[in-house]
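Read from first to last, the chains carry the letters A, B and C; within each, the first residue is number 1.
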Amino acid sequence: MTTRAAEWGKMWFRFRQSTLSVLGLAIVVVIVGAALLAPYIAPHPRHAGSFVNFEASLKPPSRTYVMGTDDAGRDVLSRVLFGARISISLGTAVLVLSVVIGVPLGLVAGYWGGRVGSSIMRVTDVFLAVPPIALALAVTAALRPNLTNAMLAISFAWWPWYTRLVYGQVLSIREEQFVEASRGLGAGPMRIAFREILPNVWSPILIKATLDMGFVILTASGLSFLGLGAQPPTPEWGTMIAEGRNYLPGYWWAATFPGLAIFVAVLGFNLLGDGLRDVFDVHIEQWRTGS
Amino acid sequence: MARRSVPKIVLAAAAVVALCAVPASVSSQAREVPFTYIEQQIVTAIDPQAAVDESSLHSAINLYDPLLYPNVEKGTMEPRAHLAESWTISPDGKTYTFKLRRGVKFHSGREMTAEDVVFSMDRALRLKRGFSWTWTPVLEVGRTKAVDRHTVRFELKEAYAPFLGTLLLLFVMDRDLIMANLRPGPHGEFGDYGAGMLERTDAGSGPYRMERWERATEMVMARFDDYWRGWKPGQITKVFYKTVMEEATVKTLLMSGQADMVNQWLSPASFQELKVPGIVVKEDPSVQLFHLPMNTKKAPLDNVKVRQAISHVFNYDIAIQQIFIGATKAKGPVPVRVPGWNPQVPVYGRNVARAKQLLAESGVRTEGVTLEYLWIPAIPMERLIGLLLKNNLEEIGIKLELIAEPWSRVVERATKVETTPHLTAIFDTLKYPHVDSHTYGMYHPSCWGTFRCMSFYENPAATKLLEQARRSVDTKEQMRLYMEAQGVIVRDAPSLYIANPLHRIAFREYVKGYRYVGLLGFDNAFYDYTIAR
Amino acid sequence: MSFRTYLLRRILHIIPVMVGLSILIFAISRVIPGDPVRLALGTEATIEQVEQLRHQMGLDRPLHVQYLNYVGGLLRGDFGYSLRTHRNVTKDLLDFFPATLELTTVAMLISIAVGVPLGIVSAVKKDSVGDHASRLIALGGVALPRFWLAILLQILFAYKLGLLPTIGRGPAPPVAITGLYLVDSLIVLDFRSFLISAKHIAMPAFALSVGTLAQIMRLIRASMIDETRRDYALAARSYGLPSNLIVYKYLLKNAFTATLTIIGLSYGFLLGNAFLVEYVFAWPGLAFYGVDALLFKDFNGVIAVTLVVGMAFALVNLLVDILYGYIDPRVRYGER
């Protein structure tokens, strides 16, 4: 058995010790599973699209419609399941974009330093000076309201957190022995930054991304709530709350189940992220982000 | 600032305490009759000549008196005497002379005279905001004259059919008060024309005076003791007019008794929910039009057959019965209850085969065509209509994309042909009690660029008929022309005419005297209500 | 480095950030599609009127000139004319800011009062049922969509139970001194007004605090667990000091310095959430004003709110850093 496998085994053991972490993992698996399998497990897959049936609007939960129907007579359960698809892909897109933009900038700023580095960090500071949702709101105002633009607006406000994270990590390891060693071997700065340093900052990035997944979903639902996000008939959770909230409290199911879906998903990603952080024993400034 | 004036605030506080915390203590405030009204749209201006939306008009209607008033007692919108007691019209329809009521006092205590009417009209024409557009075609500064202290005369450039109706929106302002509070501004000797002062307070003679206006959240209006129509016991002495946007919150306020009346913009399902003991949901057939103007200058809607095909594929029955839950199908642009509506106007019904045939005849290829449908998130029904239309259009192979934008943005996109979407959801209430509002006001090229004219409709025959109608002095001939114009317009299908919805409003059952008027804002004249607990 | 130099350096750091923020938000506001001037004047304004107001507001000049004019105004405390409220944005800010300050402060106090004990319990009884329960509560709080929670609270407390008013801030206390209703009513010893204001602020403050509460709880827990692993705690324990004493005397002291930083850092989180909470509760604060300005494309309003939020955030963090630097001199030398 290789030492690497042993290392992973040890980590998995430590992860399993925490009931909450395992719960988080289970939730995430279920949600990602729902996202992948939605077309096969949804009782009424057509209801996620442009289907309408006004005769059946706002029916309470029953055997046919386990979570009731919304104001266009569509099955809430099917839409919640398809909503997982949208939320997960939106979250992934925002985080991938943030990582792709934020991480190289952080690497450059941290490793090269100097004027370039400090300019990058100055710009980053500007973005970090306001809560992400405030910035995302301002950006959506400049764009046509739809899912893609909501994604772009959130990414616009999100990448600096990764620059900042990577920057901090790079500063702390750039003087370490293995970096010094490869520098001694004549490796160029590009090679050192991307081949030597980057692999060592992946774990905090991944942990932060796990934790952020939930916050991105929350932020997107906030934009949708104000009518600046996904457009009907897209079954996005935030849009579904926005559409169903008018019918509270009488027709509670239309907004409650998508709300619960968000709650459970965010909770799952948070528990998982927390668990991973404990296992990898890394510290990241998570608390400043969030919706 | 009103907030610093101690006694008023103590009163207000006491009233709110009575409302919010301890309902039982109302009896200790025997003379005060408080009333809380909830509106979902922000009051944008309390200057009556800057008001364009219903909520802003509410402030004008309660703080000011218009020259004429809709005949609410008879249940019609026809203008009746109010500040003007009587009037005469010259045979050529160009000169209107009004005798003013004596003894009408402004909130300042001064008596209203003809000079105030002249001042108000000239101010509207110079400021060019609010509803001044209803007068600019026929009036200019200098054409309104004070004949004597209590007589005023308007000398129009040409005969103008809807003129009397527009005077329901001429709110008379206290000239001396405004002139004494001028600030520097762009209007020469008139400075800012009192715009600064009218951001905080009022200059009217209406039943209520402004006590406190907290922008975007609350307006408090108190009874004006010397109001010329007098006061009876049980009438409301203090109005708390609150802005709350969330529909669920609005319902909560009414159901928990923290509000006495809530506005008309809730969804039909919510009104259904409010039908519980203690609450009255009043439903009246409205004189409102819900339609989807089609941009006739944007391909493929520039082809009349495509527009007719869309008019034939839409499922009107579902829209009326299941989305609006009780509405009248719209028959042309004029709401069916408005005098001058043409009962012979062609009506499009659902006929998919006909729609397909029309589309084929049009020669327009629809593969890959996506139309844009614009709606505002504040009105859920518009989303449902969009979803229904999307479904129906798929039957003839046309795709529809739903886009929600706030009302302000709709207004703004309407200014240009290029930015105006293919279809837009529009609720259009009569602006003045005349068929002209929903014909000339929507389909004459002079209105292009406003939200009322998002069809950019152009047909010389219709334009000519509308112009003749407006200038016509003989009422019968005038109505015939307006009716003929409706026929021409509807055949061109510039809009998808959907419904004349029910007007709904909900209030606690102890509120008496509410009546639906139909004209923008006039049903919320709080002077008309009494509280019978 | 002396404390004074440290202070100065810290203050100077804010300036480029605020300048950058003003450029960024100015740029965003200028690419907002559409014509706010046309919007402001209403549907029926003529082209000449639109052009006249555009000229009055200097919107027909080159962008960099507009920006410099704007900054010039800012330095005189003038945030420009609001196309939405038709008056100076500075006046609007003065009207709306105290409400937000009051709301966020109360929410922060609730977060600390609940979050710190939960964090301590969680850390001390690590991996116990209590730890799991408090972590679940805390993480659950973060995971709730705020606007959804807000509506549910309204239905429960205002409608079903009839205990609290649904919306708004209530009437102003008789005397306006600070603009914070709770403080003003206490100054004049008007307990009735105080009670009314407290009832109004309870729900929005609670809805706002759940997220921050969780963050605080989480960080207290993490930092205390860190501290238990430190040498001095081990040393103290090896001296045979009772573990309760260690918890309260050593660990708590360190935990409180951590709390201090967290307050500063989570303030941004709080302000961000205020945008949705104020909207649902019709709380007449800055975020409410901001959302309205945004939906109405009132760019002077949007810029002003963003700048004020950024400024408030920067100031809170500055304050925390100063306190921190004062308590812990190591910070001044850049060891942290």
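One rule holds in what follows: a contact is a pair of C-beta atoms (placed from the backbone, for glycine too) under 8 Å apart; a residue touches a chain by one contact, two chains touch by 3 or more.
Treat the numbers as computed from the prediction; the structure is a model and nothing was measured.
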Which label fits the chain touch graph of this model best, line, ring, star, complete or other? complete
Set A-B beside B-C; more C-beta pairs touch across B-C
Compute the distance, rounded to whole Å, between the mean C-alpha positions of chain A and chain C. 23
Cα centroid separation between chain A and chain B, in whole Å? 45
Distance between chain centroids, defined by C-alpha means - chain B, chain C (Å): 39
Listing for chain C: what residues touch at least two other chains? 151, 155, 159, 279, 295, 297
Please list all residues of chain B that touch 2 or more other chains. 246, 248, 252, 406
Going by the contact rule already set, what residues in chain A reach two or more other chains? 226, 245, 248-249
What part of chain B is in contact with chain C in the complex they form? 1, 3-4, 6, 9-10, 12-13, 16-17, 20-21, 42, 44-45, 50, 52, 128-130, 132-133, 186, 195, 199, 214-218, 242-246, 248-249, 252-253, 255-256, 258, 406, 408-409, 411-415, 419, 449-452
Under the definition above, what is the set of chain A residues touching chain C in their complex? 17-20, 122-123, 125-127, 129-135, 137-139, 141-142, 214, 218, 221-222, 225-226, 238, 241, 245, 248-249, 255, 259, 262-267, 270-271, 274, 283, 285, 287-291
Touch list for chain A against partner chain B, complex: 50-52, 54-55, 57-58, 71-72, 144-146, 226-227, 231-233, 242-243, 245-251
Contact footprint of chain B on chain C as seen in their complex: 34-35, 38-39, 41-46, 49, 52, 56, 84-87, 92, 95, 151, 154-155, 158-159, 162, 165-172, 174-176, 192-193, 196, 199, 279-282, 284, 288-289, 292, 295-297
Residues on chain C engaged by chain A in the complex (per definition of touch): 16-18, 20-21, 24-25, 28-29, 31-33, 127, 132, 135-136, 139-140, 142-148, 151-152, 155, 159, 211, 215, 218-219, 222, 262, 265-266, 268-269, 271-273, 275-276, 279, 290-291, 294-295, 297, 302, 305-306, 309-310, 313-314
